[in-house]
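Labels run A, B and C following the written order; every chain starts at residue 1.
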Amino acid sequence: MKLKLPELKLSKLKPLEIVARLRKVKKTTILFHLLAWGVSLIWILPFLGVFMASIRPLPEILNGWWNFDVFNPTLRGFVGAWNHPTAPLNRALFNSLLVTIPSTFIPIFVAALGAYSFARFKFPTRDVLFFVLVLLQTIPQQMVIIPIFRIMISLGLWNNYIGLILVHTAFALPWQIFFLRNFFSTLPVEIEEAARIDGASYLKIFYKIVLPLTLPALASLTALQFVWVWNDFFFAIVLISSPELKLATQAVAAMPGRLAIDWTVVSAASIMVMIVPIVIYVVLQRYYVRGLVAGAVKG
Amino acid sequence: MKKSKALSRTVWLAIIAIVIILVAALSAWYLMQPTDEETELTVFSLWSDQEEANFKEALARFTENTGIEVNHVAYSTTELLVTVPTQLEAGEAIADVIIAPWPSWILDLAEDGLLADVSDYMDTTKLPETYLDVVSSGDAIYAAPFKVSGKPGFWYRESFFADNGLTAPTTYEEFKTLLADLSEIEGVEAAIASGNGTGWPLSDTTEAFIIGLGGYQLQENLISGATAFTSSETKAVFEELADLLQADYFSVPDDWQTQLQRLYDGTYGIYFQGGFVTTISPFSENLDDIGFFPFPETDGATGSVDYAVMPAATKNMEEAQQLIEFLAGAEAQEIMVQQGGFLAANSDVPESAYNPADLQVVQFMQTVTIVPDLDDAIGNPFQQAFWDQLKAFWVNPTLNLDTMLQTLQDEWAAS
Amino acid sequence: MNLRQTKIPLFFLAPTILLLTLFVIFPVVNTVYISFLGEDDEFVGLENYEDVFGRRNFWNPQNLVEGNPPPYGALIHNGIWIVLHLPLSLFFGLLLAILLRDVKGGAVIKSAVFLGMVIPMTVGGILLRFVYDDRAGILNGLLRIVGLGDLTRTWTAYPQTILLALILGTVWIWTGFSMIVYSAGLEGIPKELFEAAKIDGASRWRTFRRITVPMLKPATIIVVTMTLLWELKIFDIVWVIQQGGPGGASMVMALMMFLEAFLNRSFGTAAAIATMLTVLTFGFAAYMVYRMVKE
């Protein structure tokens, strides 16, 4: 995460000049900054609350996690979530990784090949196909789930990660191809043409020349897709049913019980499940944001 | 030079990605393998926390007797309602036995061939006909009654009544006098506590009035459709309820469990609830001070039955059959009953197994005709609509009764 | 680079075409087809659609017109979501984007605000449930501090308040998105335009209206379209909190579709709801898609 601080070039100034500079800071600017930081505090409050709740015993939470008169931190929440009787996170987190990693990398390969065709080749129906692709980006999961449910059953892939991974892959293709095709269009064609003249096959050109230059775009796809798949719930609840196969999002959704909610455990679980996409986002932030903004249709 | 650097980077990336995918695929395949040779049965139910612990005791006895391990998974109502049909529809039975209290849902699934006929695995002479009828189709019985939750009447704190010179009413007029008296007592916010939740506390209370004022036959007729919700009979019951609601005899609905505590504290006078409340604090710790009186002059009471069903596609047929047999039998039910709050379906379970509070409930239930819970028997979408309508009715008793009853009638038709 | 042989692109495109056809294109067409089928797979025309509109759970405008609290039906709930959530998210997003442009540590703050977009929506629902809880929630804590303790309750437990509570909660979650897109949009406005305006003596408000807003049009289109689509597809949050309750007061189309299909096993009506949902989606996305294709 980059912290962009304006350069005050304090090192180059003599002490008196420093003071003068600081005094020049207008009142409105300070107010502005206070407002901005105030807003961020408000926005962060729920996360702060959940973090506090995850390390404090239930009675303290029910009294208000912002009250610190009694403060006995505990790890019971995390242990409880990890070993939860109905929805243990020790399995669920691993399961989510098992699904998310292939669902992130496989589509990238497929999409890259596809996008390259759209960017570099003219073939009949190309523009129609591309239009369809753009349209497909907007299809909601609900529109495809019933037939997919039935297809997976006939393929014997219901309640099977391979089925889920295939679905995630297919769903990723429209927006990833759209994104990559636009990216490829920005790459100068001359290098590839030169290689072609030298007799290189299309595949070789693709893997040795184009792909390396595409890494930043691929990083964007990785970041966005990983977060999307990890966070998915809808496909998971329809396609994955066995208790031991449940994914993290399903596990955490099953935790708030019918009666009083054990906030210590539920908060800890929430943190364990959301920390993964947050870390990915933080590490790949630049690419994530770029991907999101560059007309990535994935919300 | 740049080219070779770019090359090795791509190659590295490709290798890493392929390795990851391979590892993931291999582990997935490995995990997908059927586990050990020992058959382990999987049971789904709605029971969590204390109820689950109680159930597990019965399951432990089963394992002792047969050596078959049983894995229990708890679900919430909506989750179970979604998970089970999805699995059965997919042709895979992940659960070998499922425990559910909804006869119409059970019949629905059975009619689509998704459940197995379990009539061979229980002694039907020991189980009440009314419980079996609602889950039978032709000669086949699709569920084994296991635990019965009776909804005996209005619970109250005996010392509270004694201190205020109140007695349990035996006629409906006395009941209304009681309500008026309760409202006058200092500290009492409302005579009758109203429970909130998915909606069943309100529907339980409403059904008590239907049966109490209209007779158990009215309830049965409403379920079967012989009487319409829009009939004058039914409307009369709701009009009476509306009067009581408008007289502020009922409290604002709140979390049904919290209401138990409030009843105990004297905020409310009486509370219509099922027999299982004797297992919940503060009732469970004060069984001597707790009592109930049935709806005055009533000839029926709802018994909600937890049934055990077996999917037709279960992979462990024989073992599942054994479990069904066990659950329908007296041994399992006695264990459940000893932990309090419930009644057994099997008549072989002795009275000595019950604690005094539950025994009261048992003895009462034996004096009336037990009818199924209205919304459980009719099913969805009626059930949702019923709960929905009642919640609105409770906070707005002057609403148009005809519209509400017509809606209920429509939803009944759609179920 | 022009095509030499058609073989190559096919190899490049084959996996894509295969996956898309099997898991996206065919299912879409199939779902529409299923929406015209009845209980025993017989053709029933628009019956499922009529049936769905007859359900109070889906379409209950009477309740709204009479001034009663929710439920008003899933379709109307999504509509209310759009009417409230869209302008609020847009407004706060733009506000934050502008506010944080020149603030020290603005990038950190932006990341913090954006976190809501990165977490799973099931966790989002739990966070909202937590905030709105009677005793453990900050909202009620605040009310008590300000002396409005009488108003406290678990806001998501009552039909009158759950919809509004969730909508406002999703504003908190989604503002990060509009903020980021607007931030990028703002950065894309050439500085010279602002300098020229300053030289011409234009007021800050005038500059905003005449330069910023029009230049942000592409960003606005993206934000509006994506937000609309997201509002139509709300599912996880509602599921986690009350599964559409209490009494259907938080029912939304995506959830209703799911319950119809997998609880009631009524695939025809579920497909009808899904189709209507998609038609709305296409309608809302049409303009953005048109612009995307133009390039």
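The rule we apply is simple: contacts are C-beta pairs under 8 Å (C-beta built on N, C-alpha and C of every residue); 3 or more make two chains touch, one makes a residue touch a chain.
Computed from a predicted structure; not experimentally measured.
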Pair joined by more contacting C-beta pairs (A-B or B-C): A-B
Reference chain A; chain at largest CA-centroid distance: B
Chain centroid nearest the full-protein CA centroid: C
Inter-chain centre distance, chain A versus chain C - centres from mean C-alpha coordinates, in Å: 17
Geometric centre distance via CA averages, chain B-chain A, whole Å: 40
Geometric centre distance via CA averages, chain C-chain B, whole Å: 36
Residues of chain B whose C-beta touches two or more other chains: 82, 86
Residue numbers of chain C (touch at least two other chains): 258, 262
Chain A, residues touching no fewer than two other chains: 149, 238
Partner chain A, residues of chain C touching it in the complex: 1-3, 6, 8-9, 12-13, 15-16, 19-20, 22-28, 30-31, 34, 96, 99-100, 103-109, 111-116, 118-123, 125-131, 133, 135-136, 138, 141, 172, 175, 177, 180-181, 184, 222, 226, 229-230, 232-233, 235-236, 239-240, 253-254, 257-258, 261-262, 267, 270-271, 273-275, 277-278, 281-282, 285, 289, 292-293, 295
Contacting residues of chain C [partner chain B, same complex]: 55-57, 68, 71, 157, 159, 243, 245-248, 258-259, 262-265
List of chain A residues in touch with chain C within their complex: 1-6, 32-33, 35-37, 39-40, 43-47, 49-50, 53, 61-66, 110-111, 113-114, 116-117, 120-123, 130-136, 138-149, 151, 166-167, 169-171, 173-174, 177-178, 182, 189, 192-193, 196, 202, 206, 227, 230-234, 238, 248-250, 252-253, 255-256, 261, 263, 266-267, 270, 273-274, 277-278, 281-282, 285, 289, 292-293, 295, 297, 299
Sites on chain B touched by chain C in the complex: 78, 81-82, 85-86, 89, 112, 196, 198-199, 255, 380-381, 384-385, 387-388, 391-392, 396, 407
Contact set on chain B toward chain A in their complex: 3, 6-7, 9-10, 13, 17, 20-21, 24-25, 27-28, 31-32, 42, 48-49, 52, 73-77, 79, 82-83, 86-87, 90-92, 94, 197, 257
